[in-house]
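Have a look at the structure below, then the notes.
Chain nomenclature is as follows: A, B and C, assigned in order of appearance, with residue numbering initiated at 1 for each chain independently.
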């Protein structure tokens, strides 16, 4: 009985399953995407459980242990305040995860809502939104983010706001394009004929269709988000010490670079590996999505 | 006349896809003699184009030649490396394709593209080859002065196929493979192109493999016809013999499916459809659609056997 | 004719966008609450001094009037005076921008050449180890933080190996060339100052390499995709059937067709270069526009922030406009 239901369900959705199967096959065949996925998973796991296992407090200063080179006591050495760099790098992962998640929610959310409204209503609303995105896209992203961050004042929350304010345009354009496609589908016509209101159509039928392209794009841009946050931190416009943000940590070690190379080196390697993971995953995703390469 | 030019033995070609391994050619063997014109006929996906690409060694990943020999003038093409192959491609064996317009490079002038072939064979510069290019274009009834300087986007389909033919024959190859040369063209142009091909090949005495799904075209042009079904050869005979005395049930079905002027009887198709080559039927690949299928057809794969003088068939009905 | 209409339409659109850009820049600086006068004078300045400062900077007028004043100034090429340098912002930009321009030009050459070759190798050896290697290599470039790569290269090539000079545009003992374009390499060539040219070239290698390498990935990626697309085309099969060698097929038959879409990405790449320039200039101590903006931001030098950001947006938009127009001219459908 249940088995029958299941097989009926599977039969009805066969094209979808076939498509998933194909996507999974392509993902497995795209070795770089697999490597990227593994790096990202390790990063997330480290961010979540890492702080429970770090050997030293990442914030508290310990002047008698300052500027120690890497050793068995301090894998990555210590900085000018005697803090263990290994512990700081591990704790810093959570800050990057926080930034990624909140930025994605804010910029993805704003983009999705504005994009869907513009795409659905068209006309003046659409024109205004499109020109606004043009204006935001006229700036190189980091430079606009720098201006926002500096004016808001350097802090973790302001870094997040600044990056979100710069990033939403891409998602708005995507959601708009998708909403325009969806609103002309026959099933929307028939729902209208049944008397559904605008709010209901937009929230229950149009928006859900626009979510998946926005999600994919969010994944593609996570590497850039980390780099932007780290750059702001490095320039002194983002997350401020003593919080262990990786970019700010690289900046901390600048004046000690020649004699105590480890202070700047290890946080930089952490950024490079994590961003590489996201970018490999993103590159693979783009391959999988590209109809020209999807053979 | 009976001198062998090309011998294909036990050729197997597969394509690796996400659904599994597609068995595009399964144990294909045939022989072509000098100056023969052989037509390879079958439905879309039966492996006729794959056969021709395999002879040119142009099967590329995800496709792969897994077994067999392709012996051309005593050399096994399957074993040759790229460099040796490039001394054969274009010079000894040349090929024309189904879509003439997309088969020409859009950013190069016609004269340059033909000259490239000639210059390689004659070992001269492309510039020095231009006078031969003009001869080659004249041979296919195009105005050389005008056409050499055109880009492919400025040609019509018929003109483009003439250019392709002139390019393929300008090096006077021993074997020419024409892969559905007319199926992308208008009916009136089709006849012109086939007549042109006939005329040129008669003059130059090239051996030709013509790949087509059009029995009528093949009947007029070819000395011999080879019928393929789902990656296997089902029948191979001289044209007249094949039309007068078809042996394989599939061939019989094909001949019945040709509409004839004045014939009021309903056209009879072959029931069923082409099998999925990821999981081809066991035994004879045609048995699920065959009106004469027997128990043995489901179990054992028939081999290609000589049934009468120069008439080969692969079917359990003939022992 | 179609092309003419397109150019006019795109240019008008750009004017509108630039107006919006001015509005955004103005809003960032004036609407987001921060206290420029406080930053300038320190927190404890007496109210009378603060008021006088506000009046000097025009900050006491209503916001709308300030905006109109600013727009009026922009139209007349007046971006106000920098609080820090006291000079007109336009003059500052003219002094700092050539450094950024020179750096970007060298970097974009590096990234185009590197990107196209990596892309070709990747496509030709698709899914082989060469492809994996060249993709990882190019993606690593965009993944490593530019400021960190710069520091590490300085550490290795200057401090440890001593093969290349350190920060700055020229070594202290070198007499700089007379200022003509503001770009050291160009000026030293024009004045025949070979010592300065050689020294400047050695100084620009590291920052340009860092910047160019970071911008390589997107060019390599689109070259690869476009090349893969072209390599499956019928005319490539024809070329192979003609017995053309692999080299001829790739470089004569495929490359020309594959490079057309690559043009489109160069505009975006330039945006990435401007972002990267902010960081490389900071790390390598180059007196470019990027560092000018960073300094302005750190010191809340409002006119300099607005002017600098505005100028960067203008340059970026102009580059994108010209790339679009070039692409339109390359596209045969637009030519007809």
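Methods note: contacts are C-beta pairs under 8 Å (C-beta built on N, C-alpha and C of every residue); 3 or more make two chains touch, one makes a residue touch a chain.
Source: prediction; values computed, not measured.
**Q** Which chains, taken as a pair, are joined by the highest number of C-beta contacts?
**A** Answer by contact count: the chains A-C.
**Q** Tell me which chain's centre, taken as the mean of its C-alpha atoms, is farthest from chain A.
**A** It is B whose centre lies farthest from that of chain A.
**Q** Between chain A and chain C, what's the gap in Å when you average each chain's C-alpha atoms?
**A** Between these chains, centre-to-centre, one finds 24 Å.
**Q** Which integer distance in Å separates the CA centroid of chain A from that of chain B?
**A** 53
**Q** Quick check: how many Å separate the C-alpha centres of chain B and chain C?
**A** 55
**Q** Give the list of chain A residues in touch with chain B in this complex.
**A** Touch residues, chain A against chain B: 21-22, 25-26.
**Q** Across the complex, what residues on chain A touch chain C?
**A** Those in contact with chain C are residues 29, 31-32, 131-132, 134-136, 138-144, 146-148, 150-153, 223, 227, 230-231, 234-237, 247, 250-251, 254, 257-258, 261, 264-265, 267-268, 271-272, 275-276, 278-280, 283, 286, 290, 292-293.
**Q** With touch defined as at the start, can you tell me which chain C residues reach chain A in the complex?
**A** Answer in residue numbers: 13, 16-18, 20-21, 23-25, 28-29, 32, 34, 127, 132, 135-136, 139-140, 142-149, 151-152, 154-155, 159, 217, 221, 225, 228-229, 271-272, 274-275, 278-279, 282, 293-294, 297-298, 300, 305, 309, 312-313, 316-317.
**Q** List the residues on chain C that touch chain B in their complex, please.
**A** Going by the criterion above, the answer is residues 233-235, 237-246, 253, 256-257, 332.
**Q** Residue numbers of chain B touching chain C in their complex, please.
**A** Residue positions touching the partner: 56, 58, 82-83, 85-91, 94-95, 97, 99, 102-108, 116-117, 120, 153, 164, 167.
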